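Have a look at these structures, which come just after this line.
The same chain A turns up in both complexes below, where it pairs with chain B and then with chain C.
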Partner chain A sequence: MSDFKVIGQRVPKVDARRKVTGHQEYADDLRMPGMLYGKIVRCMEYAHAKVTKLDLSQAAKAPGVVKVLGPKDVTQKGYNSGVLDLMVPEPVGQMLGDIEDQLVFTDHVKFQGDAIAGIIATSEEAAERAAELIQVEYEPLPVYLTAEEAKKPDAVQFTPLKPGNLAFALPIQMFPDGAAYAWGDSEAGFAEADLIVEETFTLPKVKQCQMEPHTYVARYGDGGRLNCWTSTQMPKCIHNKLARLFELPMSRVHVIQTTVGGGFGCRLGMIAEPQVCAMAMAVQGKPVKVSLLREEDWLGSESRHPGKYKMKIGFKKDGTPISMDAHWISEGGGYYTHASGVQFTLGAWLAGTYKWTNFRFKGDRYYTNTTPCGAYRGYGNPQNNFAMEQLIDRALNQLGIDKVEWRKKWHKTVGDDGWCMGVTYASCGLDECLDKGAKAIGWEDKIKKYAKQTGSKRRGVGVAVMTHTSGAMPMLLEHTTCTVKINEDATAELIFSCSDLGTGAHTSLQQIGAETLGFPLEDVHVRAQDSDISGFDIGAHASRTLYVGGSAVIEACEDAKRQILERAATALEANQDDLVMENKKVFVKGSPDKSIDVATICYQGVYNWVMPDTGNWIGIPGQIQGYSSYFAKHNSPPWSACFVEVEVDTETGQVKVLDCVAASDVGKAIHPPSVEGQVEGGIQQGFGQSCMEAMIYDEKGLCLNNTFADYRMFGPSDMPKITNILVEEHDPFGPYGAKSAGEGGQVAPTGAIANAIYNALGIQFTEGPITPERILKAIKEKGLQA
Partner chain B sequence: MKKRSISLTVNGTVHDLEVPVHRTLLQVLREDLDQVETKYGCGTGECGACTVLVDGEKAILGCLTLAASMDGKSITTVAGLEKDGQLHPVQEAFIEEHAIQCGYCTPGMVCKSVSILAKNPKPSEEEIRHNLEGNICRCTGYVKIVQAVQRASERI
Partner chain C sequence: MSSRVLPVFDLLLPSNLEEAVGLLSQHGDQAAVMAGGTDLLVGMKVGMSPAFILSLADIQGLDYVAFDAKHGLRIGAMATLSQVVDSKVVNDKYHALWYSAFTNGTPQTRNAGTVVGNILRASPAGDCCCAALAHGGSVLLQGPAGKREVDLDEFWLDYRKTARKPDEVAVELKLKAPEHGYGSGFAALTRSYQDLAKINAAARVIMDGKVCRKVRLAMGAVAPITLRLKEAEKVLTGQEVTDQLLEQMAAAVRKEVKPIDDVRSTAEYRREVAGVLAKRVVQDAIKSVAGPCPYSCFMGA
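Showing the complex of A and B:
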């Protein structure tokens, strides 16, 4: 398939010029006449408390204040900021047991940063000053930061709907075998094993750290319509959820997507849309803007799921992975949110990577008094990678088996069950990823070279692999619509709802549209910003935008192309099968002089009259529009291998990453620089999760590091040279053979860097992040390998 | 509320303003002058999203700079780097190297890059990385941003 004209080209991104000149508009850049400013009043003093008194009267009298709102002044309906309820069939939803336990403003504070009131004023400053005048008294409640504390019999219940503060466990109705995702008999497997290793890993609570803080504008007016401007990843789900929460028909809710200043899952579902819309409904006709401060964004929007991962794996002497038994217990924060989703997918990807003869996974999520957990790039897979890939390396060291060779031999591949049993892998380029990656990093030499080291600086190399998904079929709804409108000059507008999180998704979809239509790239324009215009799309999550959206674009463009060819066949008096469309001309195969311009067909479709002299139309009237309402047929998992080389200073505990090779099978790379960008950005986040990043809470449940100064990430000097290898193993289901690239980029780097540190020191770190303090402590306690 | 009269040049246009002494340059740019191309990322000088240039080459943080202290100064924002439809070499390089993802850090990142090259037109990769510390990008892993500064350096 080397005859692509647009696909695979390194074209400038659709939004690059606007972004590099500062002309791209983000939510906080919106200016509207009569705009008011909202402030969400949050409880910052306690992580768990009852509001016993809330006196808003002084705040209401403050200069510039238009309205103050307490819990009783807004809808009493509950909501769930997550969206899984919209994505599964009702019987499955009932088994999963998702609940709506969030309120716009609460009098039971469940985490530091919970919203208790709202202030609307003529300026941001006036609203902030008024917030200081609110008189509030709290009755502190016991704070639960771990699952062990939350599940104690006498613990305060977060909701009567989830006894024991157990938000979610894999349901027994779905998994009759002990409420576990399982096959075979894991205990019998361990009985046969020659080697068993087990460990409990601790995964940190990490934050997406998108650069644009959550910001919204809402206006209730226009004859009873609720308008909401939001940089959401899921405009159509928000459309549905806001309609439900405020009991409006969807035709009276209008969601306008603003540019997404970084997503990574943090804008998946609703964040502060309920509060902003409630404020707008209280001051009808006036737009209300709410811009979260960074320190507020940190606490008030969702994080990754932290937790304890108990894992036990067994092998035969020859390396046969005979059994895996894993139990993930997550501390999920103050509300239900994504309790069912993440706990489910963790097990799915754990099951999807290697050929365990026997397998068993359980996943629980408890309520805790911390920022609620939601979606973050990888949705459980990076947690798996840190634990599983390290534990496998520990076993392989004992078995004396090479880590690359073992992975090549035992990873799942074409024909095997994927992350969801019954959906088999249709393509897999992981062997090539491992071969090319190993060669690029110099695996064999370095493994030998670093086997015996002395001195204070120790080097190591590590590898990890991953498989992920492209969309969430068959577990979740996978539906995207696309309309392609052909203008009278034979240019096209692609209209859909998928957000572009900066990943290059819209550029790639534009390329797919142009390729399918046979139009030059510049003649295809992408429009995806408005719920009034766009049809349904489940949203930018599960690494699906290009995969499912791309297929919808192809189908819509093929529909339009078919109409063009039908009309050309009539005009040329030829059989449609004999026609070729190229360079915006349709001609009869073998007779290039017998042709018609696509522009003529499109023009006649729009501008047409019955001619008085003949009584006939000129050509065929009717504007050409193609349409697709596409349901994904597969989930075409991508694969990748990450190799990392580190140097650990055993006197300071500092880890310096010397080299990183990422080899990724993403299927056809539609826009290669975007794919590379996803891989490179994923590495920064994966390394961060393993070595630097964690939200830290004191015993009262107050966060100690909700700022960029205190929450360190890999900076430009920390990042190594990256060799980015794309393995383009064609996938039969993906649009032009493409699979996903976005989420997967973060997964393998988490395990690979941990394994490199293990290789350097001979010490395995079960608690993330692997900070210099933890390294020094471990060296002191355990000593270095010889 | 104490105010001060200042004369502030932004992208070549002189503005005579009465600013409260506690008002930041970022607030004045975004809210008083409606020049929203410079972004708020943290408000505490930790992320660099609000980076602008003083006298065309020195990078400062709009969120930590009091507007009152900028009397008589000339500020260039990312929008001011484009002249008559012609992009600055750093802007061109950011597009060509695909160094932009979500774009929210880009205005600050571009201004910082211009300041790096103003100080040393041929910086080493290490110098580029060192000088970009303080400007956070969560999307790119900095790979293509560093490449963009290198590419721009060849043209300046």
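Showing the complex of A and C:
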């Protein structure tokens, strides 16, 4: 496949120049005549309370205030910030228990930061000053921070629709085997096992920490049209959901996606669009800008799901993984939102990785008085990896089996059931990832070298593997449309709704378009981000944009190319099958002289006249446009292995990451620098989740670290050198053999770094993040091996 | 809730110290003094709302880092952390202070923030506070009645409270001149690189061979103010420094500190590593008596 001209090239990203020179416009840069500024008033004092009094009258009189809005001044329709309703058929949505339990402004505060009112003023300052004048009284309600507390029989109910505050459990209708994702008989498996290990892991609530805070502009006007500028990951879903929430036909809703300053899942579905659009509808004709402060962003947009993960695994002496039984219980926050998705996928990733003879997974999600949980890179996979990969290592230590060899032997591969039973893996380069990664980190030597250590600095190496997905077919709708418009000079516009979260998606799609058309890269331009212009795309989630969008681009470009060849065949009086298109020329195979320029065909399609002397048309009329409405045929999971070497200071518990090797099978790397960037960023977030990050709540449910000063992540200087190995195992379903690269990079580092610490100290940490505080405490309690 | 909008204030821009003191005599109770502003402006986004900000920006000649062997080191109120990091004499002679400035914040905040500002902020986690206290010295204040010096040991009164009166300007930080056998060390533990310290420690020793003639040991983020650990100092003073003695000192440190739980760390952890850090900074200080600065290479001119 070395004859690609554009694919695989390290071209500059389409957005690189504008971003690094500061010219890229984000939502907050938008300025419009007559612009007003909105402030969402949030309950910051309580995590659970009824609003007993809300007096907006003083605020309404404050200088610069245009309008104040309480819960009754806006639509009373409920909504769900998640988008499951658009991804599955209605009966499935009902089975999964999807509900609309959110209101634009609420009088039942369910977490700190819940929106209770809105203020629209002539400046941000005036809106903020007015917000201070709102008189509000609350009746505090009991605060539930854990599933244990929320499920108590006398607990206040978050919604009558979810008795016991159980937002979600795998439905028995879909999982008849005891409402569990299961095969075989796990109990019988344990009876046969030579070794059983079990543990309950605790996963922290972590935040995506995207750079750009959520910012919007909305304007209702233009003959009854609602316009919304948003840096959402899912412009077409927002288009649909806003239309439904405000009961407008979709033709009267216009969503313009602004530059996405980082997504990682936090812009999946709606965030503050309902509040901002409700404000815009209250001041018709005027644009309203709402720019969330970091702490509002922090509290008011969704986080990763924390929870307790009970896991029991059984092995035969030879390492045969005979049985797995796992139960994930998540504390999912104040609203339903992604209640079903992550709880299901945790089990899916667990099921998809290794060949357990018997398998059983249950996933529950309870309401709690914390920021609602939603999508964050990996969507359950990093939580899964932290627990699964550590527990497996514990067993392998007892069995005396090498951790790389065992993984090579027992990971699923081509032909095995993937994360969705019935959809088998079509490609798998994990063995090569493990081999190359082990060699690069010096696995065998280091395992031996670190087996016996003394002194206060202890080193260790760890490995973890993962499989993820490329789009969520067949569980969820995977549909993307693409139009390719060929200009009269034989250059092309690719028009679609695919989002680029900074991942390089538009660059890669541009490369695919150019490759398919046979055009130089600079002759292909990407036009996205406007619901008036581009057709449907489900949005950037499930690592799908390149995979599904790329296939849509190929199909649309092939459609355009076919039209070009048809016309060339007529012009050259040749059989279409005998034609070759190269360097923007079409010629008859073997007779390069018999040719026509693609530009001529395109030009004549647009500027088409009848010649007065002959009465004949010149060329064939009609502008060439290719189109695709593409539904994914598979989910081509990517694979990767991550190796980490750490040094633990046993006197302070501090962990220094010395080395990291990531070997990733992403199929064909369409734009290798983007893939490498995704892998590196994923490692950084994975390390953060395992070793540093956690949202901390006090007993009242108030978040103690909602800024970047109080919540720390791995920064550039905390990172080791990374060896980035790309294993390009061709996938038969992916566009040009590509699989996804967006989310997978974050998964295996979470388990690998935990295993490296385990290897260094001989102590396994079941509670994340593995902070120096926890390490030192454990060393004190359990002691170190000499 | 924070705000992107700064509260309303009057900016006072005196052009000399006398004028500054005069303005503070008038408005001192309602005024914040601004040097680098790296703490003040952040504070003003989260509720601090001084009616006046008195900026030292227009007062010439406060940005010095000056040394003489007799009087020691003098750091003017407008000297930035970067200036200290770039100072050869600080790197040569005041290892603890140099390293505390070097690891402080980010390049951006080091370019704007001042050492004196760090001292005046009186945060128990202040890295320069900790190093300066170990070196020992004083803060020079200028008020309506003239100048006075307050020993660093008496300068911090409580959490973010100092001995500076509202009508006084802190003019400079003075650190004692090194004596024969002088060495110092600094260490901080943070969650990530470029973070506030969860705990920091600094030591200054005066050694006579293997015997510790004098020692000053300071520790931050273990009490409402940066602490001198005098009991631990007593363990070392006049003794030959051995591993066993350092263990005894560490035990004394753990008794002397009064840490709390917060988002950065726990009291239990801080107490435990307080002893470890104390040992490490004393060892660094002793090592630095004979050798060069024990920390990262100096990159200044």
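Quick notes
Here is the rule we go by: the second predicted complex is superposed on the first by the 786 of 786 C-alpha atoms of A that agree within 3 Å, B and C clash if a C-alpha of one lies under 4 Å from a C-alpha of the other, contacts with A are read in each partner's own complex, and residues count from 1 in each chain.
Quick note on the criterion: a contact is a pair of C-beta atoms (placed from the backbone, for glycine too) under 8 Å apart; a residue touches a chain by one contact, two chains touch by 3 or more.
No experiment lies behind these values; they were computed from the predicted model shown.
In the superposition on chain A, contact is made by A:Lys777 with chain C only, not with chain B.
Residue contacts after overlaying the shared chain place A:Ser717 against chain B and chain C alike.
Within the superposed three-chain model, A:Glu296 lies in touch with chain C and out of touch with chain B [touch as defined at top].
By the touch criterion defined above, A:Asn759 reaches neither chain B nor chain C.
Once the two complexes are overlaid on the shared chain, A:Arg42 sits against chain C while remaining clear of chain B.
After overlaying the two complexes on the shared chain, residue contacts for A:Ala709 are found with chain B and with chain C alike. By the touch criterion defined above, A:Asn635 lies against neither chain B nor chain C after alignment on the C-alpha atoms of chain A. Once the two structures are overlaid, the count of chain A residues touched is higher for B than for its counterpart among chain B and chain C. By the document's definition of touching, of the two partners only chain C reaches A:Gly653; chain B does not. Look at A:Tyr26: by the touch rule set out above, it reaches chain B but stays clear of chain C.
Where the contact sets of chain A with chain B and with chain C meet, they give residues 291, 293-294, 707, 709, 713-715, 717.
Residue ranges of chain A in contact with chain C, taken from their complex: 42, 44, 124-125, 128, 291, 293-296, 651-654, 692, 696, 704-705, 707, 709-715, 717-718, 771-773, 776-777, 780.
Remark: chain A residues 10, 12-13, 15-26, 28-29, 31, 208-213, 259-264, 291, 293-294, 501-504, 673-674, 676-677, 680-685, 707-709, 713-717, 719, 722, 724 touch chain B in the complex. The part of chain B that touches chain A in the complex is made up of residues 34, 36-44, 46-47, 49, 77-79, 81-82, 87, 91, 94-96, 98, 100-107, 110, 126, 128-130, 132-133, 135-146. Against chain A, in their complex, chain C makes its touches with residues 1-5, 189, 191-196, 263-266, 268-269, 272-273, 276-277.
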